[in-house]
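First chain A sits with chain B, and in the next complex the same chain sits with chain C.
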Partner chain A sequence: MTTTPLLQIENLQVEFATRGGAVHAVDGVNLTIEPGQTLGLVGESGSGKSVTARAIMRLVPTPPGRYAGGRILFEGKDLLGLSDGEMQSLRGGQISMVFQDPMTFLNPVFTAGEQVAEAIRAHQGASKGEARAKTIELFRTVGIPNAEERFSAYPHELSGGLRQRVMISMALSSRPKLLIADEPTTALDVTIQAQILDLLRHLQDEFGMSILLITHDLGVVAEMCDKVAVMYAGQIVEEASIEPIFDAPAHPYTSGLLEAIPSTSNDGAQFRPIPGAPPDLARLPQGCRFAPRCRYRQAICQTTPPPRVAVSPAHSARCHFAGDFKKNEPEPAIAGRTS
Partner chain B sequence: MSEAPPLLQVQGLVKHFPMRGGFFDRMRGHPAQVVRAVDDVDLSIREGETLALVGESGCGKSTTGRCILYLQQPTEGVVAFRGEQIDPNNTNEMRERRKQLQIVFQDPNSSLNPRMSVGQTLEEALAFHKIVPKSERSNRVRELLHTVGLNDQFRNRFANELSGGQRQRIGIARALAVDPELIVADEAVSALDVSVQAQILQLLARLREEKGLAYLFISHQLGVVRSISDAVAVMYLGKIVEQAPTEEIFHNPLHPYTQALMAAAPVPNPRARRDRILLTGDPPSPVNPPSGCRFRTRCRYATDQCAAEVPLLREIVPNHLVACHYAGELTGS
Partner chain C sequence: MARLIITRLLTMIPLMFIVASVVFLMLRFVPGDPARIIVGNQRITEENLQNIRVQYRLDKPVLVQYGYWVKDLAQGDLGRSFRQRADVNTLILERLNVTAQLVISSFLLSMIISIPLGIISALRRNTWVDFSATIFSLIGASSPVYFTGIILILLFSYKLNWLPALGEGDGGWDTVKHLALPSLALGFSLACVTTRLTRSAMIEALSQDYIETARSKGLSARTVVMKHAFRNAMIPIVTVAGLQFGALVVGTVLIEYTFGIGGLGSLIVQAVQVRDYPIVQGATIFIAAIFILVNLIVDILYAVIDPRIRY
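Moving on, here comes the complex of A and B:
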């Protein structure tokens, strides 16, 4: 396909000033999202995935944060160069965001309906009555039962799943081209998570939007995404379409993450942890950032940062032995269920 | 049967939390309501066994764990350890029991004292329970740290200097300090990143091998549960709806709720995308649970009988208990 990408992030650098000097939370991230596509951004706590998402919305607090370099092109326009006013109309307009915890996002002293209606009035200049009618319609679209009654419910009167639906309805009120969903189901129970993921898929079909889904759960990625980018210590270490990532991970970290999940579908239920913990961003190792935890590391990994290696046209990994690291396999030691 | 009594046996456990009505409710004479967090739960754990207690938030799984240790007073019901009923009013006995029954919490951040070093935290447990003489405490701390995979330098650190995984290791070391026989692990790995979560699971499995520990493993993560437990009990709105050996329940879930729970858990395999059994709606409030079967409001098989009669836990397959009127007649499709 030769469509222009909806969102293109080029060499994004976001740093935070700390007492110990600048910390590069996002260090040279490149991402591309096509119209209608769902990209999963995966990583563990502190990997920089949420900062990347917030940077797209220009929601990184500055200071202490600073956009230190790179471009974020949305339909060809660099978001980092927009004025605050221009950004304001884009944010919640063409780009919307859904957060992990709807309770901290929703204002406790206004009803759910008023807040969604306010967003509609702000972005679409609708009258009060129109906004109310649109809100109730949106509530129906996102599957809120008794939508009319729920218009005047306060956030604390709603369950976690319903609050998330209210937030999604607000994000969708402007018919965004890009929806950024930051851990949208992490705080929910599995049966409710299944409902919300299902809803997001239906809405994507209906509205034709792109989704940037930020999550730590590879199961959610497998169900939702067309493409995946894996982050580690501020960098994207692997990027590919969905099937190669799960079938043939080219980076030892991705492979390790997959092996660390005790899965319900796995009869032997074997899993292997990744030893150690992610590095302190203020004290990064000299070579590959994952090397201290990598079971396949070689001498070069500890001295030279690995380049991005393409293992196939649409599959790249930041590893000296990308796609081929298993040849450095140490002794086989699979742990897990022993009884 | 003339077997030895199980390590831990819980019978008829009930925990109701009274709700203080608002001012106007009381003025209007509305009756006080109760939250039926746990409603008649039976459990038994043999020596060295790991029983997982699974369910969604608010189903009463954590309250069950806390009631077993008498961190919360059960409203009704008895807990017996090795066949002896625990008397919560007997302080001396409770002190002994606490050596045998320990708990590890979900959030090690809020369960470790930020003003105490790791060494002090562990020594406090040793001193309180008079596990070893004072002169040996320091050695014992080193051993404990070693057991949970940390070196002796950690003794001087404070909780804020530790990563989440390290904190959870300290929480486990503290529970191990008194050489317990059963540990209640209340969502002990839920707050951790996947790679670290696997480390802690492996540690728990190793301790079970080395020390013959039994666990009551409270969790909402089915994958984790499958990897560590021997048997699984599924809770919904304060009641156990299904209980069976681990592989049996994963291969042959018989309660519609268990079936839905398993179908809802995302699998890290893009080819496993399938039509899930979507449960509609939210769990009802435990203040006013539905009549009959508590799951019936979200169950696609529900009939009039489900509203009228409370289903009892019945043995459908040997060792496989299900509380559903139609257990064994429903297929998962």
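Moving on, here comes the complex of A and C:
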């Protein structure tokens, strides 16, 4: 493949100044998204997924945040080097974002239609009437029934599923090349979740955009994504296409996440959450960040940070024993001690 | 909404009646013979005094007086002043104009100062701008209006001789000049509270999730702040502005006294001093009406600003 990737994040560092010292929320993240591709970003709460997403939009609040290093190349241009004005026209134009909770992320005092039309006017210089017509058309595209009436509905008058459809129509209004969806279904009912994911997939086919899909749910990843990156304590610990990661996870953390899925097929008997909690991002362990919770850890894990190891051309993991950690004797005591 | 307005206006009538009745009865229990006060220091025979009592129905039992008063009130007649030879209605309307000008200009001045200052403080949190605004607010909140008034008189009238210190002027530009200092004194004391409130309401609004959505749409910083955040911050601001408008009506009493302005405030103060009951009663009804109307306007504004509120 010789095409330039749509988005290429290189060694991104984002810190937050806190009373307890600098929190390295994103610490050396590398990610690549090709045009039309869907990349899943998974990891426990607090691992830095949302901060990574906000960094791409350059919406990390600074201060207390700081882009401490690295590059975010969008079609080859470094977003961190753009002027505020250039960045503003990319936001909602070529890169847009759908957030977790469509209730709190929509402004309660404006109608759903106004909020979408506003985005259209900002980017396409459309008149009020044109923006309205386009909004209603978008509402139809994202499957909002009675689109015309819904234009003047306020967020509190819509159901959760409809609100998320409004958010999606807003994000798609200027046909972005990259859509960032930060846990777009977490706040919704299970049946609605499936509908929204279906819609995203369908819209991706229609609009041909790339998607960065942030989620806790590996099931969603399996269904939606071409590639997946697993994040832990501010770093990408494993990155691969879907099959290899589900069939043969190269990092113990990914393996742990997979075991933690309460699945009906394996009887629930194997369901085993990862014991312990992620490290404090202001006081990181000296060696591997996952070592304190790792059942397969060895002496080296506690002293030396692991490099990124390629287990195959498109599959890498940050582990001293990437790919064959299972050969190490598991330590059953860890679960009892740390949890 | 129409129902809200109609029911409020209808409940306003009994409400004002109750307020007026309470004031009426309270005044009757104040010691002292109103007839003697009416004649003041003139020497007078007991016979003439009795005539005055009859003329003003002060010879009747309190409940009978009350009955007459209610009957007149129902016809919109607030009675006649004991001391000034005029109807209370006329006296109040004469004075209302200057007080209304004072109240409205103070209110607008307060909003013009405090809202931009509050927004800037919220945006530049913990910078010198914010700290200066905080100090400004603390000074204003802790100095009484008459004190601020006196300081302004000393500075702008005596020292600089830019603006007149006393009176209400005789219309047009002259009135503007005369009301400048009292409005500034009143406006300043209100602005302090509203500045703090605007600041915290804006900080609150700017920390909401929908602000991130607005930014992610590619809106300008100005639109994000002035449209998305401010529209939400207005809800608490309107509440406090309504309360302040009420407080202003009271505040004018002090400021009219300090600046020797012949408005409603000084009318009431004088009337209380000489036990001119009809004026006190009439003015109370007026002020109650203003309070109720301001409350109604605040409630209407709520619904206009926040679509989640429906009556």
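Annotations
Note that the second predicted complex is superposed on the first by the 325 of 339 C-alpha atoms of A that agree within 3 Å, B and C clash if a C-alpha of one lies under 4 Å from a C-alpha of the other, contacts with A are read in each partner's own complex, and residues count from 1 in each chain.
To be clear about the criterion, contacts are C-beta pairs under 8 Å (C-beta built on N, C-alpha and C of every residue); 3 or more make two chains touch, one makes a residue touch a chain.
It should be emphasised that the depicted structure is a prediction, and the values quoted were computed from it without experimental measurement.
With chain A as the common reference, chain B sits beside chain C without any clash.
In the superposition on chain A, A:208 makes contact with neither chain B nor chain C. Of the two partner chains placed by superposition, A:81 touches none, neither chain B nor chain C.
The larger set of touched chain A residues comes from B, when the choice is between chain B and chain C.
In the superposition on chain A, A:64 makes contact with neither chain B nor chain C.
In the superposition on chain A, no contact is made by A:307 with either chain B or chain C.
After overlaying the two complexes on the shared chain, residue contacts for A:109 are found with chain C alone; chain B is out of touch.
Judged by the touch definition given at the top, the superposed model places A:154 against chain C, while chain B stays out of reach. After superposing the two complexes on chain A, the closest approach between C-alpha atoms of chain B and chain C comes to 6 Å.
Note: no residue of chain A belongs to the chain B contact set and to the chain C contact set alike, using the contact criterion stated above.
Every residue of chain B that touches chain A in the complex is listed here, in rising order: 56-57, 163-166, 193-199, 201-202, 205, 208-209, 220, 222-224, 226-228, 230, 247, 250, 260-273, 276, 278-282. Taken together, the chain A residues at the contact with chain B in this complex read 44-45, 145, 159-162, 189-195, 197-198, 216-223, 242-243, 246, 256-258, 260-267, 269-275, 277, 293, 335-339. Within the complex, the chain C residues that touch chain A are 208-210, 212-221, 223, 228, 231-232, 305-308.
The touching residues of chain A, counted against chain C in their complex, run 57, 59, 84, 88-93, 96-97, 99, 101, 104-111, 115, 118-119, 122-123, 154, 156, 167, 170.
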